[in-house]
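Okay, so chain A shows up in both of these, paired with chain B first and chain C after.
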Partner chain A sequence: MNLLGVLDISASALTAERQRAEVLASNLANAQTTQTAKGGPYQRQLVVFGTRKAARSTFANAFADFSDRYAQGVEVKRVVPDPTPAVQRFEPGHPDADNQGYVAYPAVDPIEEMVNLMGAARSYELNVAAVQATKNMISQSLQILS
Partner chain B sequence: MGSPLSGISPLGQIGAGVETGKPANARSDFFSQLQSALNQVEQIQSEADQQIAGLLNGQGEDIHKAMIAVEKANLSFQLMMQVRNKIIQAYRDVSGTAF
Partner chain C sequence: MSWIETPNIEKLSKYLDLAAFRQTLIASNLANVDTPGYRTRDIDFEGEMRRAEERVGSDAAPPRPFEVAGLMERPDGNNVNLDRESMLLARTQLQFRLGVELLRQEFQGISTAIKEGS
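What follows is the complex of A and B.
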């Protein structure tokens, strides 16, 4: 692992946060969706993060052993549906209403999703700051010579 | 008089050792390493090129990946320039040696 490898770790975090933001945006967009391809209301999706071995750069394999043990990237392991049951609302005129006139809406709380989305945006920002710090470290080490 | 003359002969052995020994290998080693370092810089640059091209024709790659690839290319190019400057400087120092 060299300093360019540190950039790969931050890049994996940026990718993971972007995917998380994607899923959160999907949850927000489908907060009122009552029809899906597999039938029933939209199910809120949850993102599961896991560690990932840093992509071995071709630039140096010298400290590969070290990087395998300590330096790990992150990735979205899987996206799982939230098992919370759908919210029943009484709307007899709705085309998706059942016999009693209740419509099943997704159990998505827009406020919670917004807070999570802010978290994803902030984490993205954080990792961009890490990229810039690494970049500065490399630039500064290049100035030792000159 | 006999002893100083016998003292000269080991010098020939030392000289022979220098010519056939390590320096020749070390020289080719250095240049092959330099060559492979240059190839790696080129590879990183072509990767950055591909990322940017993919971004421009909408292949759906992440923007940050392209930016980081470009930054890697920039930094490795700067490192290469530092090495190049050092080599040129060493060459000038040696060629400026007064005989």
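What follows is the complex of A and C.
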């Protein structure tokens, strides 16, 4: 059974959680953005996670064994825009106000984003703990011969 | 089985294999803690160990992972329980260490015999 492959699983989770944190940070940063490249207010982005078979080089494939079939990492499958309509606020003086004086703001709730960000940070920590545990096991297995 | 492979060594290597395989499943469960629809998977460690002991000498049968039943499911269909996985992570680590330690002593015994106790 391949303990080095276990590190790949945890690493995939670290990558995915980091990407999630990046998207959440950009949502937070653009909570008040009313002008974007494609026009209109910023649209909140959501990440969709899915399981992933560990990607293997042909070299590693030579050592692939039974346990690899059950190794399931994670990846960001898609980043989709949140379909929630923009929030209309009455600000007649604003340069982006429509002719009734309403400005369309992104439907970003900073509290919700912060909670999700904390979740991403915790999941990241959790997988770091799994990496540590696996690393310990690998270095212990080297002691069999000592 | 050659003279250098005692039955204990075979059992212990199976024990280590199982611990490493369980570690694969735990790492997968932890990696997918935020994946919608993911189901927790595990093996029956004692059962697999017993099965392996019955088959000592013959070809090893691969362990059979299953989806764990009776865990609380979140609305997105994911049922990974962090407390359960953290506990298993710690336990598997200790089991692995125990296996390594016992295996090491087994080899040391053989080594002592080779060197005639010197």
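Rule of thumb we're sticking to: the second predicted complex is superposed on the first by the 133 of 146 C-alpha atoms of A that agree within 3 Å, B and C clash if a C-alpha of one lies under 4 Å from a C-alpha of the other, contacts with A are read in each partner's own complex, and residues count from 1 in each chain.
The working rule: a residue touches a chain if its C-beta (ideal position, glycine included) is under 8 Å from a C-beta of that chain, and two chains touch if they have at least 3 such contacts.
Only a predicted model underlies this, so the values are computations on that prediction, with no experimental measurement involved.
> With both structures lined up on chain A, is it a clash or a fit for chain B and chain C?
Verdict on chain A: chain B and chain C fit.
> Given the touch rule stated above, what does A:9 touch, chain B (first), chain C (second), both, or neither?
The second partner, chain C, only.
> Tell me which partner A:146 touches in the superposition: chain B (first), chain C (second), both or neither.
Both: A:146 reaches chain B and chain C.
> Going by the contact rule set out at the top, does A:103 touch chain B (first), chain C (second), both, or neither?
The answer is neither, since A:103 touches no partner chain.
> So in the superposed three-chain picture, is A:117 touching just chain B, just chain C, both, or none of them (first/second/both/neither)?
neither
> Once both structures sit on top of one another, what is the angle chain B-chain A-chain C taken between CA centres, to the nearest 10 degrees?
40
> Which partner does A:76 reach: the first (chain B), the second (chain C), both, or neither?
In the superposed model, A:76 contacts neither chain B nor chain C.
> Who contacts more of chain A, chain B or chain C?
Ranking chain B and chain C by residues of chain A touched puts C first.
> Just chain B (first), just chain C (second), both, or neither: which does A:86 touch?
In the superposition, A:86 contacts neither chain B nor chain C.
> Could you tell me if A:23 is touching chain B, chain C, both of them or neither one (first, second, both, neither)?
After superposing on A, A:23 lies clear of both chain B and chain C.
> Now for A:137: first (chain B), second (chain C), both, or neither, which partner does it touch?
A:137 contacts chain C only, not chain B.
> Superposed on chain A, how close does chain B come to chain C by Cα atoms? Whole Å, please.
8
> Enumerate the residues of chain A that count as touching chain B in its complex and touching chain C in the other.
10, 145-146
> Can you tell me which positions in chain A touch chain B when the two form their complex?
4, 7-8, 10-11, 14-15, 18, 58-59, 128, 131, 135, 138-139, 142, 145-146
> Touching chain C in the complex: which residues of chain A?
My answer: residues 1-3, 5-6, 9-10, 12-13, 16-17, 20, 48-51, 66-67, 70-74, 119-120, 123, 126-127, 129-130, 133-134, 136-137, 140-141, 143-146.
> Which residues, counting only chain B, touch chain A once they are in their complex?
The touching residues are 40, 43-44, 62, 64-65, 68, 71-72, 75-76, 78-79, 82, 85-86.
> Quick one: which bits of chain C touch chain A in the complex? Just the residue numbers, please.
It is residues 16-17, 19-21, 23-28, 30-36, 38, 41, 62, 65, 82, 86, 89-90, 92-93, 96-97, 100, 103-104, 107 of chain C that touch chain A.
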